[in-house]
Amino acid sequence: ADGKISDGIVKIGVLTDMTGAYSDLAGPGSLAAAQLAVEDFGGKIGNAKIVVVSADHQNKPDVASNIARRWIDEEQVDVIVDLVSSSTALAVMPVAAAKKRITLLSGPGSDPITGEKCTPYNVHYTYDTYAMAHGTGKAVVETGGKSWFFITADYVFGRTLEEDTMSVVKASGGKVLGNVRAPFPTTDFSSYLLQAQSSGAQIIGLANAGADTINAIKQAHEFGVAPKQSLAGLLVFISDIHSLGLDTAKGMYLTTAFYWDRDDASRKFSKRFFERTKRMPTMVQAGVYSEVMHYLNAIKATGTDDADAVMKSMRDTPVNDFFAKNGRIGPDGLHRHDMYLAEVKAPNESKQPWDYYKIVKTIPADQAFPPLSESKCPLVKK
Amino acid sequence: MSRDPAAPRADPAGGARSGATPSATTEPLWRRRIFWAYALMVVLGLVAPYVVYPDFAMNVLCLALFASAFNLLLGYAGLLSFGHAAFLGAAAYAAGVVTRDLGLPTEAGLLAGTAVATLMGLVFGLLAIRRSGIYFAMITLGFAQLVYFLAVQLPWTGGEDGFQGIPRGRLLGVVDLGHSFSMYYFTYAVFLGGFWLIHRTIDSPFGHVLRAIRENEPRAVSLGYDVARFKLLAFVLSAALSGLAGSLRAIVNQFAALPDLHWHTSGSVVLMTLLGGLGTVMGPSVGALLVASLEYKLASFGSWVAVITGAVFVASVLAFRRGIVGEVRALVKRSF
Amino acid sequence: MTGVSAFTPSHELLRVAGLHAFYGESHVLHGIDLQVAKGELVTLLGRNGSGRTTTLKAILGLVGKRSGSVMVNGRETIGLPPHRIVHLGLGYCPEERGIFASLTAEENLLLPPPVTSGGMGVDELYRMFPNLAERRRSPGGRLSGGEQQMLALARILRTGARLLLLDEITEGLAPVIVQALGRAVRALKERGFTVVLVEQNFRFVAPLADRHYLLEHGRIVDEIPAAALEARTEQLHRFLGL
Amino acid sequence: MDDVILETRRLTKEFAGFVAVSGVDLRVRRGAIHALIGPNGAGKTTVFNLLTKFLEPTAGTIHFAGKDITRTAPAAVARMGVVRSFQISAVFPNLSVLENVRVALQRTLGTAYHFWRSPRTLQVLDDRALELLEAVDLAAFRDTIAVELPYGRKRALELATTLALDPELVLLDEPTQGMGHEDVGRVVALIRKVAARRTVLMVEHNLSVVADLCHRITVLQRGSVLAEGPYDEVSRDPRVLEAYIGGAA
Amino acid sequence: MTQALFGQLLLGLINGSFYALLSLGLAIIFGLLNVVNFAHGALYMLGAFLAWIGLTRFGVSYWVALIAVPLVVGALAIGVERTMLRRLYGLDNLYGLLLTFGLALVAEGVFQNAYGISGNSYPVPEALRGGVRLSFMYLPLYRAWVVLVSVAVCFASWFVIERTRLGAYLRAGTENPHLLQAFGVNVPLMFTITYGYGAALAAFAGVMAAPIYQVTPMMGSSIVIVVFAVVVIGGMGSIVGSIVTGLGLGLVEGLTKFFWPQAASAVVFLVMALVLLVRPAGLFGRER
């Protein structure tokens, strides 16, 4: 580092949903994760101080892009982190790219982020819809859940998740017995559950997210879906399980990029995170720590905060830390790493607070994420 | 409270009424004041991008136009629409389709957005205009929800991802609007046009009849005015201008997204109008500036946006119903 | 002329002293003084806008702000809310009749809670106003103007109020009905009711009243006992612009 | 001059089983001042509402100047020249007196929907509006906000507004109700002036006003026509005496 | 097929009973105070949240909460009425709508800040766990309970308002409170109690909902708009209208979920548009 860092400061902007629908899975926890990463890094790169700023985009893309513009133009923010909710991510990415600033996404999952809408300055770090669908679909079929019925949120995200999972289920030798498209948002799932029950499928796939998933799981419990049928949540975070309680959620399958109690490294990070926030990290929050660390390491390695150089270094260096095994960032910006299939424990199996998952299977990076050859990103040279 | 039609109706425009609408013929002094207010506004608008962040200023202009269009309906026709987000949002999507997917120029996008909102205004209006007061509010809210659900479900809207990547294009094929300043002045010009039209409408022969209808509807009928048509025209005009604001905003921001259609946006435009001053010409713009700044500033504070917005609502309803502009005007009037 | 003369020191039911009343910022009554003895019928006369209605409302506490003194049956009411004042035995028949449009005629009739025992029975009232019996199931808002007026009067007779404040009860009524009302008011008086009557229709009140107060610009400007009426008719006509 | 301008045949209105107006045949001659009287609840206001289409008749027809207007919309009826006043005073409370009248005149310009036009285009109406105000003694109040007028003046303003439309047939519902005596005189004079060039149909309880003004009288009772004829004749009709006027009038 | 249909209808009825409870409260408040209570959803949320807080912090059982929470929320609402809403009577009812809208934002925001967004689970009370296996579906006991109780509460409220003296006061008070007061009725108190009662009904619905839906700060804001539509369809201010329409729309929604699930959330608004075309005052509304 010899003054190649513009204005002598590395400024990290955590732009996330502080109060809205995603504030539990990202939000203040994402900010805490970024701050932890900076502290662990030492707070400085050479003489340049590392500073973290944050803002609430309220899930409004216009607010997000306005903040991003101001950060870049007036506050010399070098990198924008998290961007939970795909609409804000997709709104900020081109703004940042046009000004040669890096975006490190952890919260959103939409496939076009690294597909049609990819930019050269973006990293999609934690998960995407494809990974959730493929992970859960394939792994559940392999563990014996052959016949499926889908309850799908009727909008692009839900439908993509459903279609992806269906094709994986079929490709892995499972059967799809039916599906029902519920409007988004829905609070009462009882009639959809009734349809799922009468289909007789072994697995009820929940192709939805957030409050919808939570209500669906809760009501599945009420209507006595188990033990005849199991649920597979296609996008479930540990914060959701925490608010549902194990009694309600037990036996459900889900895919995750991170579980705090998986190995020593993850436990060590999570304990510290817990001390700060009184919650265990979600995969999004752990992803924020890991991606910020990776970014800072890249600056350190290149000695500059020039976006092109940093991006190149980030792509060239594999990620191997408590979060990611065999992680690699492709030219489309997608970070491909191992994912895990988890089953939610029953209350009597849980030994301590937040002891929620049994990791059933590791899904290797090349199965979890779409191969580069299928990428719709124009930046990928084929 | 009273439903007796003879009882003087409580006035949503607060003090905005008496004396605020002097007969055009008799008060040159008033005319002159308005002229200066306009002049001040024009100048402020011209220097704004040098003082504040242009992208922010553009958003404020779009919202100000939106709120002014809304005020045309509520402040002057006495109709509270709680579904105005539908026009803002639908126009934004329409402008997006025309410019991004059909590749037509920016101007066409604005026209298309305005046209779509006008059409929607006509359809909703035909159904809703038969009721007034709270019914009208609820019905418009219901229709707006329908539009929202549609936008969530239709495949081409991008659902929760939003409709991204709308090009700013070139003005008349020449001026590159990708540049913040040129985009700003274009936005500003459109705003001024829309604002002028609204002001003109309020004072026009049509505006006079509209006010009469609001004051005493059966009497207006007995004078031979087809009140439903007047209200409908006001509604359609307001929808069209909201559409203009929405499509302009889509081009400024380069995307359209679901929050534009959400009923919170419909609530927020009421807040802007109320805060600035219902039934005043400048009020809604002032309100838009305030609300937008609030959102913008609170963003870095973190988490209390909803609470503070709510509190502002409560405070303005309880403490200054006339809104900022209305209060200032009352103050000025009292002290002279 | 039956009844008590103005100056007999009989029991005083209502004493108003220095009453001021305001609607918002406009000052409408400027110190009204009047007394009404038990069983007396007095009228408030004056031109439009002189403040007669407002006087009645101010007695009941229905104006925005009031000051001065209003004693009902020896009790100061200036600080009481309207619903408490009424329970001292007042009945009010408002100028615009105040029929509740969404209640049926009968519900309207039964609505006001009794303020003393001894109100008239429903049957008796229906006999007094046969039109009402016929329309008892119709919503109040659908009654004709005259029917509404009758209902408004009947309504307070049921509550047992002994002091009636009646505002323009002949307004918009057919002559036959006016005559019927005249008989009704006379009957009430004979039964010992105390009445404060606001009227435009001088022909209607002249034979009924014991005393007349003349109002102008929110002030009592004169007081004419019934006995002196004949002598001062000319003056009165001029005052009222007859 | 036996030219009938307004004619109803078997006009009937039922409200949920209650017949408010039943089989009324009404003929109003052009240029006449015609009174509709009757006890309270006889259906006078309802007839007005039917004539101006504020209510839809249950049965029967209405012809105005030879045209069947039974199914015409209220505003259209007004535009044909049938203009009413209301039983309760109907002004535009927060417009100035001048503006009240001008709003009525505005229709003649044909620019009522023109939202792009300058308010200055309305100034051409000011002279005519003042003339009308002059006629009802309100010229001095031209810039007063209507709500601030005393009651009698409001009725006068309402009349001026009605006249602004230059209607062929004016329907007045109790024009003197709630007026002081001096105002009654003024309004009677005004109505007489107005009626010089047009037809007036009025509901009125003040019999001296009726006697004074009206050429012809129709008495309604319980929704049907009880009697019809000139005042002197009708006022002596024993049925009318019993049902309406009573012994002492 | 018919079996499944039965199931859907029954579920529809259950949802309908929530609509009925909520729209009843809204209709009472609108009918009597002429206030469009936008805070209704927030009060419902508050009911559910207080039940949850009571259970987890203080060990208050469901049964106690069912009575206590509506009382607490009712009292709170009375405070709101006394300090704020009261000042808006006599103004255009637009202001009441906006005030309660603001209050709803505040309440939701505060709970979001305090308890996060994902919400919390409230267990079904012991006595109502499990269910019965009907020929066409598995019916959780708790849901059956919901229908019974809601219908009973709705009927009782209707009876009071339409058939008693108190009800006549309430209706008269809506039209002309000053005059009613001039007859010796304590109108301000009446209004206060009415608002409190409407709010308590919402909170009651909230407690009932807690074991079924996730208790989240936003749970009210999604349902309140539907309930508004219910009230409009029923005819604003009509008590019978709101109850019947609430139940009826639950059924319609149930059917839609079966035949055309995508449209389930829009169907209420479609019905609204249709009804208003045919009967502008709503099914049970009076033309004013």
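The chains carry the letters A, B, C, D and E, assigned in the order they are written, with residues numbered from 1 in each.
Here is the rule we go by: contacts are C-beta pairs under 8 Å (C-beta built on N, C-alpha and C of every residue); 3 or more make two chains touch, one makes a residue touch a chain.
The chain lineup, named per UniProt: B, E = Branched-chain amino acid ABC transporter permease; C, D = ABC transporter ATP-binding protein.
Computed from a prediction, not measured in an experiment: that's the story for all the values here.
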Chain labels contacting chain A and also chain E: B
Chain whose Cα centroid lies at the greatest distance from that of chain C: A
Pair exhibiting more inter-chain C-beta contacts, C-D or C-E: C-D
Between chain A and chain D, centroid-to-centroid distance (C-alpha), Å: 74
Centre-to-centre distance between chain C and chain B (centres being mean Cα positions), rounded to whole Å: 51
Interchain centroid distance [CA atoms averaged], chain D/chain E, Å: 48
Contacts with 2+ other chains: residues of chain B: 3-4, 6, 11, 149, 153, 303-306
Multi-chain contact residues (two or more partners), chain A: 19, 23, 154, 183
For chain C, residues that touch 2 or more chains besides their own: 101
Chain A-facing residues of chain E, complex: 4, 7-8, 11-12, 14-15, 109, 112-113, 116-121, 123-124, 131, 137-138, 140, 142-143, 211-214, 216, 218-219, 222-223, 254, 257-258, 261-266
Complex contacts: residues of chain A adjacent to chain B: 18-19, 23, 28, 53-63, 65-67, 69-70, 73-74, 85-87, 90-91, 94, 110, 112, 117, 154-157, 159, 183-184
Residues of chain B that touch chain E when the two form their complex: 1-4, 9-12, 80, 127-128, 130-131, 133-135, 137-139, 141-143, 145-146, 149-150, 153, 263, 267, 270-271, 274, 303-314, 317-318, 321
In the complex with chain E, residue positions of chain A that touch it: 19-25, 154, 180-183, 185-188, 190-192, 194-195, 197-198, 210-211, 214-215, 218-219, 222-224, 239-240, 242-245, 247-248
Chain D partner contacts - residues on chain B that touch it in the complex: 5-6, 8, 11, 17-19, 21-26, 197, 200-201, 203-209, 211-212, 215-216, 218-227, 229-230, 233, 237
